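Next come two complexes built around chain A: one with chain B, the other with chain C.
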Partner chain A sequence: MSGGTFVGMPAFPAAAREAVGNTTLRANLRHATHTIRDKRARAVAELSDWDRLREAGKRIKDHTLRHLDRYLVQLEESVERAGGTVHWAADAEEANRIVAGLVRATGETEVVKVKSMATQEIGLNEALEAEGIRAYETDLAELIVQLGHDRPSHILVPAIHRNRGEIRDIFREEMAGWGRPAPDGLTDTPAELAEAARLHLREKFLRAKVGISGANFMVAETGTLVVVESEGNGRMCLTLPETLISVVGIEKVVPAWRDLEVFLQTLPRSSTAERMNPYTSMWTGTTDEDGPSTFHLVLLDNGRTDTLADEVGRQALRCIRCSACLNVCPVYERAGGHAYGSVYPGPIGAILSPQLRGTGSEIDASLPYASSLCGACYEVCPVAIDIPEVLVHLRERVVQGGEATRGGNRVTLKPAKGHAAERAAMRAAGLAFARPGALRAGQRLASRTRRLHPRALPGPGRAWSATRDLPEVPVEPFRDWWQRTRGGGGGSGDDRTTEGNGR
Partner chain B sequence: MSGRDRVLGRVRRALADVPADGLAYEQAVDRGYAREHGERTAEETVDLLAENLADYRAIVHRCTEDEVAGLLMRLYAERGSRTVLVPPELPPHWPAAVGPVRIHDRAVSTPHELDRVDSVLTGCAVAIAETGTIVLDGSPDQGRRRITLVPDHHVCVVRVPGQVVASVPQALERLDPARPLTWISGPSATSDIELDRVEGVHGPRTLEVVLMSGA
Partner chain C sequence: MRVALFLTCVNDTLYPGTGRAVVKLLTRLGVDVDFPMAQTCCGQAHYNTGYRHQAEPLARHFSDVFGSDAYDAVVTPSGSCGAMVRELYPRMGERARAEGRGGGLARAVAPVVPKTYELTEFLVDVLGVTDVGAYYPHTVTYHPTCHGLRALGLADRPTRLLRAVKGLELVELPGAEECCGFGGTFAVKNADVSAAMGADKVRNAESTGAEVLCAADNSCLMHIGGTMTRLRTAVRPVHIAEILASTEEEASS
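Moving on to the complex of A and B:
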C-alpha cells in the first residue's frame, strides 16, 4: 500500500479516464451502489421524522463546531476523569509519533486495528511499520485491501471495487504471508470467504495486547466514545487487548449523551441501509476487569482547523462518514474511489480532501471538478452538507486563488496554472457578448465553416475537449433562424404559446 | 508549544470571525423529532421487537418465567452445547439444575478459554423494538463485554414488557454512559463482499433471544 496520502496520484480526470475503461470495476461498482441506494431509501422511509432528524443532526454539528474549543476541553476533562489519557496532535506526523511511542511503551510489536478513516488519513500503518510494529487490519474489507496490496476505494466498504472471485484469489495467494493460510479448496461464496477471514483473524484477536481504533462519536459531557460496526472485529479490538489507543478527528465530538439519539438513528440507515448496525460499542475511560486497563485518546487536527476557518467549507466537518453520497453519485459510480486519490472518495472526498490537504497539488486542485453538480449528494446527506455549494466555492478558490488557512496560518493562494485557457476563453466570451455585431459576424462565420471544425480543441484547450464532446455548430445561428421563422411556425408559434398559457 | 495549545489556538483563530450566536446548547437544536415512531401498546412494542430481531436473523423464542429453564435446556440440547458460560449473577431459576456444565467468567479467564466455550447466557439492560436491538451494560446478569463476543452462540433473555422500549431515544434515557455498553442487532454480519449480507464473521454466529414474560 502506498500510504494514506496517495502521493503521486494523477489528477482526477486522468485517473477517472483509466477507471472508466475498466469494465470489471464499473460492473462491481454499479452493482454495489445500486443495491445499497435502493435499500437506503426504504430504511429512511421507515422514519416519518427523517427531515427533522436531519435538521437536528446538522444543528448539533454546527453548534459543536461553533464552540469546538469549549467542547474539546470538556471532552478531555471527562475522558481523564474516567481513567483515560488524552493526547493532542496538530498533524499526521505528530499523531503517528504519539501512537508509535505509546505502542513501543507496551513492548509489543503487533497491533490489531478497527477500520478507521483517521488512521488511514495519517498513514499510521506505514509509520508503525517504519518503527518495526506490524498493524493488522481486522475489518473484512480492510483485510482484503491490506492483503491485496491495494488501497481502499469506499468509506464504508473499502473493497467495493473487488468481486468475490478476486477476493478468493487474494485470500489464496496472500493469507499465508500474514498468518493462518486460507483453507484448502476455498471457493468464492461470500460465506466461505467470511469464514476464512474469521479463522485467519481470530488467532490475532486472541493474542493481541494492543488495539487501535478511531471513533464515530465522542461525547464531551460524559467522555464516552462510540464505535459503530457490523462484524464484531471492532468489539474484539476494543475489549480484548490490555491497551487501547483511539485516534479521532476533533470534529467527531458532540456535546451531550442525548445527541447520540439523533446520529444512532440516521447513521446506520444512511450508511448500510439498516435499522441498526449489528454492533455498537460505547466506552467511557476504563472499567475495572472489563476491557482494556489503559486507554489513550489522540485528538487529531491534521487540516481540520484549516477547514474550520473557511466559512463556506467548514460544513464539511459535519460529515459522519456514512458514505450515502458516494452511493448516489453518478461520477463515483463510474470512476470508482481510487480516482479521487484520497482516503475520502466520492462527493464528500471532493470537498474534504482539498480542504484538509489544501489545493496545492494537481490531484487536490482537480477534485472540486470531480462532480456534475447534480445535487444528489446533498439530498441524501443525513447532516445536510451542501456539497455542491462547497464544490463551487472550492472551484473558485482553485481558479481565482484568494485567502485560505494552511497549517493554522492565513495564506494568499495564487490562481491555479492549469486554468489559464479557461480564463482566456471566458474573457473572450465576455468581449464578444458585449459587442452584438461582432458576435453575429462570428456566429455566421462559424456556421459556414462548420464542416471544417476539428473534433478537439488545439493548444491549451486540448485538456478541456479531451473530457468533453465539442458541441456541433448549427447550420444557422439561432438569431438568424429566429428572425427567419419566428420560432419555427411563423405567427402560429406565438399563438400556440398564448393559448397554452391561457389554459 | 504543546500539541494541545497548538490545536486549541488554531480552533480559536479559525472561529475568530464567527459572531457569538448567544445560543446555549439547549436552544441550539430543535428536538421536534419523534420520541417514538407510531403508537403501540406494550404488547405491540414487544411484537415489533420480535419481528425486527428476526428480520436481522436473530432466533426469537417466547416463554413465561416458569418455562424459561425448560426452554434454555432445549436450546442447549438442540445445539449440542456441553459448556455454557454464565455471568456472575443470573436469576437462580434460569439455568436448570441439570444440563451443560456451567462455566463462570473470571478475571483471569483468557480469550482462548472463552473460545472453547459452546454457549453463553445473559440477561440484558434494555431492548429497542424499532431497531431490533438488545443492549448490554455489564450488569451482574450480563457480565464482561468479552463473554458475549468470543463464544459462537449467545442466548439473551429479555424480560418483557419491562425491559423493552420503542425507540433509540427512549433507550438512551435508560442507559448509564459510565458503564461499558454493547448494542447488538442480530448476529455478527458483513456486507463487505459485493454488499451481500453474510451472518457470522467475528462475533457469535448465532444469536437467540428469549422474550420472557411475567417479569
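Moving on to the complex of A and C:
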C-alpha cells in the first residue's frame, strides 16, 4: 500500500528490535505517550456517563456497519443534492486515479492537504507527484514528517518520534526547498517553531486553488462532512481553495446528525484529552459565495468491505482514530510507530492492516503477534473494540489459514510459511495434555534430569534465555507430592481413568 | 465446602510450592481440597497463539475433570488460566456453534465456567475473608497481572488480603498496571520488546525498595523473576499464595 511509502518494511520483530535499541526514540515516545495517557485518564474521569457514551458509540457504529450499503447510498444522494459530486473507489489505484484526474481538470499543479490518513493509506502524494502535481501537507506534524522525508508514526501525532531539536534542524534544512525558508537563527522553542511553520504555510494557503482533505465523520442524513482538529490549518484548507476533494473511508459514515453528539464527546477526550477539540469544521456540498465552489467526495473501500465480511474482525471498522490505544500500548511505546509498517500503527494498526491488506506479506503476518494481549487497548477504546480478541482471531488465520474475503470473493487461505514447527509442537503438546499420563511422564523425566537442564535454551528458545533466566526444574512436580502425601485419594480417580476414556 | 484445585500445568511442573501453599491455606480455612489427578492444561497457550481448534479438546477435558457435582468450586492460583476458563471457554463454545459444529462444546463448558475462581477472588467473594491469619514480616510490592486486572477484574482483592497479613508492609509499585511483557509466546516471538518491558517492570519494583514482588500468576513471575536474576536485582518474586499461606508458628519454628 501507500504507493511505496511502506514497501520493504521488515517484519515486526526485526523492525521493533531496531527501535528498542534507539534510546532517543524510546525516550521521545515514552515521554509523549505517558503524558497524554495520564491526561486522557483525567479527561475521561470527568464524565460520569463515559461507559454509556462508549456503549452508544459502539452501537451506532455497529448499526451503521450492518446497514452500510443503505447509508452510503443515502449519503451519496444527500451530498449530490447539496451540490457535491460523489466518486466510488474500490482500491488505492482507483482512488488515486480519480483524485489526480480531478486535480488535472482544474489545471493546477499544487494542492494543499489537511491531515488525512486515507490519502496516506493509498499513497496519494506519491501518485500525484508522478502526475507532476505537488501536494503540501498543512497539519504541523504532517509538515514535519513531509519535510523530514519521513513516515508518520502515530495516528494523531505523526511526528511523535521527533523531539524539538530534531524539528528545528528539519525546518532549517528543508523549508526553503518547499517554499518560504525558515527564519534566520530559528531556535527550538515551541513558539518559534510554530511561527516558522505558520509563515511557511500561510503562503501556501493563500496561493492554493485546490484542497484535499479527509473526514472524521460523514452524516448520511444531511451529506455533511466533519473534520476535527486542533490547529485551524485544516479550516484554512477547507475554506480557502476553489475546489475541495475529500477522500474518505466508507466506514466513516454515521446515520444522523444527532449521532455526532456521542463522538464529539468521546473523540477529543480519548485523543488529546480535551473536553472539546478547538476546531470542528463541517461542510455540506457547496454554498454560493462561501467556501469552495466545487466539492468532490471520493468514497474509499480498499479492503473495507472484505473486513466487513469477517464476523470477528469487522469491529475494527468502528475505529474513530482517536489513538488512545497507541498511547497506552506498552509494545507501541517501545517499538515505535514505524515498526508496524503502515500509516495505522499500534494496536489498531495490528488488527486493521492485516485485514485491509490481507496477511500475505511478512509484515502483515507478523502484526497479529505484536501484542502481549495485555488488554490495555480494549480498556481505553471509546468504541469498545476488543482488540485482543481480533488479534487472536488473526493469529489463527496466520497459523491455520482458513476462510476469508479478499477482493469481494470468499477464498481459502493457506497457513503462512514458517509456522510448521510451531504447529507440530502445539499438536504434540495438545496430545500430551489430553492424556494426563503423558504429562506426568514428561514431568518425571524433567525432574529426574533436572541437573542437566541448561538455564539457557538452544534454538528458537534462545530469544527467551538471552535476557531472562529459566526457572529451575523442581525435584518433584506437585502431582507427585499430592499422591505421595495424600495417597492419590482424590475423588476423580487417577490418570488412567481419563486416559482410557477414548479421547 | 469441597473445592477442586486447578493448579495449571505450569505450576504443577515448575512451581509445586505454590500448589502446596494453596492446599495449606485452603485447608487452614476449613476448605476440603481435592486435586483431580486427571487435570492437565487449560489450553491458553494454544488459544492465544492461534490454535483455537487444538484448545477445544483441552476445554472439554477440563470440563470433564472439573465439572463434577462433587465440587462446589474450582480454584486456581493463576489469573490468566482463570480468565481462560471464565472468559474464553464460553466464547470458544459460541464460535464452534457459529461454525456449524453444534453446541456440544458450549454445553460441556457451561457447568464449570461459573464456579471457577481465581484464588484471591475465591477467598474474598466466596469465603468472605480478607484476613487469612497469615504472618509475613517483609516489605512487599504487588504487581496486578493483566489478566487478573482486566479480564477477571480482581481489583483490590489481592491488596486487601495482603494488607491484612501480619508483619507485612505493602508498598506501591510504580506503573503497576503496565504489562510485564510476558504474554506467553509473545516473550519468544517478540523477545526484544518483551525483554524491554520486563526490564522496566523490574526497575520499577527495585525503586520501591521492597524485598518481594508478588503477583497472582506464576507465568508473569517466571518472566519477571528470570529478568531479576539476570539484572542481579535484590527483589525476589513470590506468588501471593505463598505469602498468604505463611504463619507465625512456622516463622518461629
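In the analysis below, the second predicted complex is superposed on the first by the 425 of 503 C-alpha atoms of A that agree within 3 Å, B and C clash if a C-alpha of one lies under 4 Å from a C-alpha of the other, contacts with A are read in each partner's own complex, and residues count from 1 in each chain.
Following the convention adopted for this analysis, a contact is a pair of C-beta atoms (placed from the backbone, for glycine too) under 8 Å apart; a residue touches a chain by one contact, two chains touch by 3 or more.
Worth saying up front: this structure is predicted, and the values here are computed from it rather than measured.
After overlaying the two complexes on the shared chain, residue contacts for A:N22 are found with neither chain B nor chain C. After overlaying the two complexes on the shared chain, residue contacts for A:T109 are found with neither chain B nor chain C. Between chain B and chain C, it is B that contacts the larger number of residues in chain A. Of the two partner chains, chain B is the only one touched by A:E94; chain C is not. In the superposed model, A:A194 makes contact with chain B only, not with chain C. Of the two partner chains, both chain B and chain C are touched by A:E311. On chain A, the surface touched by chain B in one complex and the surface touched by chain C in the other have residues 311 in common. The touching residues of chain C, counted against chain A in their complex, run 2, 4, 7, 9, 11-17, 19-20, 23, 34-41, 43, 45-55, 57-58, 60-61, 64-65, 68, 70, 91, 98, 146-147, 150-151, 177-179, 181-199, 222-223, 225-227, 229-230. Looking at the complex, you find that chain A touches chain B at residues 28, 31-32, 35-36, 46-49, 52-53, 55-56, 59-60, 62-63, 66, 68-69, 72-73, 82, 87-90, 94, 98, 138-141, 144, 157-160, 163-164, 167, 190-191, 193-195, 197-198, 201-202, 205-206, 219, 222, 224, 230-233, 235-236, 238-240, 250, 255-262, 264-265, 268, 272, 274-284, 287, 289-291, 299, 301, 305-306, 308-309, 311, 314, 405, 408. Listed in rising order, the residues of chain A touching chain C in the complex are 12-13, 16-17, 20-21, 26, 311, 330-331, 334-335, 368-376, 378-379, 389, 392, 394-400, 422-423, 426-427, 429-430, 432-436, 439, 443, 446, 460-461, 463-464, 466-471, 473-474, 476-479, 481-483, 486, 488, 490-495, 497-498, 501, 503.
Considering their complex, residues 2-4, 6-15, 17-18, 21, 23, 25, 28-34, 37, 52, 56, 107, 110-112, 115, 128, 130-133, 138, 144-146, 149-150, 168-169, 172, 177-196, 198, 200-204 of chain B touch chain A.
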